[in-house]
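Letters A, B, C, D, E and F mark the chains as written, and numbering starts fresh at 1 in each.
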């Protein structure tokens, strides 16, 4: 008899053969409104069982690719900097072995260490950021490390003109103003990303999707729902579009499953992860 | 004082005068992911009380037609074949008395015996199938009788070219492939049904609506939510369109009300049932 | 140390300096289907904390305007007429002091006394009414005062040709028929309001938004969800449009927050209130 | 085919043969804290299906007695006095036909009209009242008719020395003081009722059980949970004790099922109703 | 990097070194009232993480023993007999390897095949059965295999005088009557088990605990809550008592975690499993 | 019109006249299992409205005493040390003004800074600690500051023989062992505290109640429910007993209200706070 292995559906490759390594970062320690994204990765694994591996959108089957679900980063709750270090080292190992890290959050701050590990290998990297929120504050409650500052901290690393933000519809006025000089920010919609695709060419891309970019009607299970978001067809089109890019690291964050007892939000997250995996792997 | 009668709103005709007989089939025994459709019929009856009988879409009133709500088929849980026989005999009686059977599920497998009873009277029948899933597997867990095989079992009865599937967006690859030779499958959308209407002419139609054809934003209360579905306006248009057809039996299945504590999914199911009843009866 | 003040985000002006006075009317005593709108005002205050004060839609900040949240009208449950009197006097004070009253419901009946207080000052007032339901019954359960009769009671005060109804998709047949002679009723959609704007000119307007005008996918947290409603973008467009009108009193009613544990409906209500406040105040 | 009859388990006698008539009074219009007892009767009917008809406590079977479930009194929400009249007339009919009325609430105010109808036949009646609350206020929000005044209103009818209150643990100081001169009030526990049994002899008894007399650990599904109540074994002992009394009317009120999604509170209510029915009927 | 192993806390021994093998049987196909025990095993694994491995009751630590959590039996939903065969073979393997099988349900019917596998090795086995229900029906809905017949089916195998039932408080009259001749049935309480311990001596024991033996105040998360059960201290005393017996197989069934959103029922199940494991293993 | 003041029922004194200052510390940043105690203070304030101010247990009325609810400490999420400083300074002010600080958590770590502020004034202070957990770890995830280490950190300040722990039933073995030399730990029950009362004499006491000391049947709404706790009557007896002590600071922590949708846990917390306030103030 074997021990009980628990993975995202069909992501059961061994590490050596895996092209993409999926892992969870169940941290929500800086969440200011309603916590719970720590429950994201496990709930996604469990409910992925209700999903087929075949995508009629891509006409491809996830079971035909090599993905390993490596479980969760061990999180030291209560010490934000240490948690970020733990995620950084976990991601770094994957990157060093020439695999694509695909992280499931957790709150958005977990993107910072994962991005950093990827960026250290790909210095000319650009960031595609889908979100309802700018995440461009310099501080929240006088703290530099927060879900609300994460993109600003990434900018600290890579500077102007490297960050492309889509779907943004919430933030303080000074964030929107700051963005004009430092990032490419598209408010309300993600469609313009499809027109930007050509620009990216072969540039290494880090993709970070805060699921609250979706309208709460589609995705209610998140800490800070923001009406006015994009629908499921729009994000499917985006996924199809970016599949041709050179994505070297990615994450999907901010599912807080307990806020949606229907399981719909988790189903949406699962399908987005399946489509991203198939999209990326079928284009390699 | 009278005993407490409990029906879908205004469906209180006597059997003899009824043109349509509404009944529940509260069975969910083969549901593989999340059970609960057994609670569908009773919850629909109860919440129908929050509904008006007048439809501004048809400008007609349900109270002006003769419908009987006959309660639920008695279900013998734990023995799938016996349950199907019970539903078959219940439906057969209605059909024999020249009334239209309108079944409320329960899981989708309940369609098989209801369809069979209708088909025995109308041998040239065609099936219109709205669903997120193909339901064309030959077996699930080595079982021939399952919610995931129900349309395949109907095909066993009537063969090629009789089944029209719309809105399908989930299934295994081999199901989609098999459909190419045996059914008319429209993926993702139901709109093409409106163009197909003329083809059906006077052919007797069995209509089966798996409510998960709707997007989970509209209808979260189902066992296996599948993002990417149709919206409420689209299904309204479909109902208006098919009202002119010769519908001789129908069902609405897969509401699992406990997964949507807001009651919205039940409200959607109630309104679809009201519109179907008015649509069919005002065209007779 | 100060006592604990609890307001809608940033609406903490003193009464004297306030241009708009926000207040709650937590009454749901005539609700016939599912009660709970009494929890609306407090839940909106609490969850408004998750909202930014800056609106990217108007590019304005709520913090730059003078709004006072005056708490709730004290409600005497169990005596409908007395409750209406209490709301009337509360509103009357605000109107007398030349401030705009902005009431948060509660069920729709609370609009009657608030409107009456405003109407006594502005005799040439017109009413813009967004709702899923006609609310034009003359009686419900032989009662004149009910959530289902509120617009009919307002008509008792101001008569024909003064009430503009949008988004209506539910009611009895006789209500729709009656509306033809007495109000301007637009079924299903609110878009035509944007074309009617010019007609209103400088006429004083009372705006009443029953949040169930929204589709339940956007706003499930209400007592009687009615599928087939408008989406969030449509109501945003409406808000932008009516901001140029001469709104002298308004309300937002029928959030029943316990029916939406995700908090999405409350978030939608909060954002609508923020946009209305900014819209009205930036046009003064 | 027959119409769908919906009753408390096995309470399907015809009116003429019934010794006890069970009925619902789904009213919660004066509930000041959290509404929802209107959902009590229907939820009890539905979940009674999970109950056996046999009681191992009495070693008797409910199916061996004649009880009719007559459904619910039609309630005119929004007008308290009219609702009370409707309940009064419903009960009066049952009493006039020499049957025992057994009402399921609803909030506690519904006891007033039911009691009145019974009292008009049995002038020497005494009241046994199990509750967490005194319900002895003279007014709530200046209203005489309220869940919090109901026992005081009953005292208005029958005067001093007729009302026996048990389990009381909440109220204003003046209520406890008033009780000293007008009722027999036992705080915190119901056990002394067992010692009082002999006193009652053959006196006609109206029994009213506010289910919040139970500890919230046993019965969380109520509007105003009051920790410190009695447990299930204690109420079973009480039921066994009072079965020998001459109970001529009774009610069980204040289940608010939506506040206990586990269904445990409804199961407790169902079992208490079953035991009361068997207890009363096996002693006739 | 390793694959993600998912076990009951600290039950991560390899099969060869394990003395007890824990496994799940997530089947609820014959559940007649409210399904959901299929979610039991996984929820128990997940929430066991909130538990310490140290028991202050035994002053022992689970981490000091060798237990393997082997995951779940693969269940073929929709065919009861096949499911029972699958569980039988799974258990048989464990028994054949001289390890103690410890099954987590699922509904109570899963006890039948597990017991059968154990019984085939230990012909002189006796059964200790803790439950709210007799489970002694011969048929439910004409079916021999049901959660309500499981102990009767076990009696078919081992006959009179081998089954000891405790805590029983629900069933049909004929079940209680039948028990008088065929089993030892203690109603309402489990305490007499402590006096029976000596009788059992070295006899091999199969222990089956239907968690609804607990009062719903302690354990609300089950399909058919039965008020009047035992409390947590009583079951702890029972566990301590039976630890000295020769338990050769056991199970804990009928947690339906979705009916208790607080997680308390799962916490109770986890602690009972921990105490049982420590109790059995520290007495070997 | 006045701004909306929001307090625990009747705790509306001005600061100068207040003898006790109630305040919230809505922090849950080190919670390792299930977060949510941040929602404790506000939910307690809101639901206290369903409570009477009169206690039949003490026969005293809270409205007769001077308590101020000062709202919540402003919490800087994401930086544990800074949060503790904020709570420390808030409490320090109250202590300096010779008032008794009464803090409502939040997770248990918030006790550390509150205690420290009180201890600096009362150097001979002793601590009475009611809890399910020892909270004596030296580190959790290598962190010194954690809900699981809080009593150990208090010991760092005051040393051996000053801490009295009651009701403890969970922890690691080494914690129980360590307690033997450093604290007075009573496992499982709190009753022995009543015998210890005399020992305390006039010594200043800091009282900290982790509400999970209660059995989850009584109090399910907490992050880590631990079956086997004390009941409501036992904690009432404790409160009555300790009222005669010289309590100079206190807190009630670990209500996580979202885990108990019934509101019972919040009602329990409210009543405990009311009884503590009355108990302490009526003995001054």
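Going forward, a contact is a pair of C-beta atoms (placed from the backbone, for glycine too) under 8 Å apart; a residue touches a chain by one contact, two chains touch by 3 or more.
By chain, UniProt protein names: A, B, C, D, E, F = Agmatinase.
Fair warning: this is a prediction, and the values are worked out from it, not measured in the lab.
Shared contact partners of subunit A and subunit E comprise B, F. Listed here as common contacts of subunit B and subunit C: A, D. Shared numbers divided by all numbers used gives the overlap of an interface; between subunit A and subunit C this overlap falls below half, so the copies present different residues.
The angle needed to superpose subunit E on subunit F by their Cα atoms is 120 degrees, rounded to the nearest 5.
One inter-chain figure worth recording: subunit B and subunit D are separated by 42 Å, centre to centre, where each centre is the mean of the chain's CA atoms. Taking the mean of the C-alpha atoms as each chain's centre, subunit B and subunit F sit 56 Å apart.
Within subunit B, contacts with two or more other chains are made by residues 215, 217, 261. Pairwise chain contacts in this structure: A-B, A-C, A-E, A-F, B-C, B-D, B-E, C-D, C-F, D-E, D-F, E-F.
The residues of subunit C lying in touch with subunit A in their complex are 49-50, 52, 54, 56, 59, 61, 215, 217-218, 231-233, 236, 261-264, 267-268, 271.
On the subunit D side of its complex with subunit C, the touching residues are 28-32, 35-36, 38, 75-80, 82, 140-143, 145-146, 258.
Of all residues in subunit F, only 1-7, 12, 14-15, 21, 42, 45-46, 68-72, 93-94, 261 touch subunit C in the complex they form. Note for the complex: subunit B touches subunit A at residues 33-34, 168-173, 176, 187-188, 215-217, 220-221, 223-228, 259-261.
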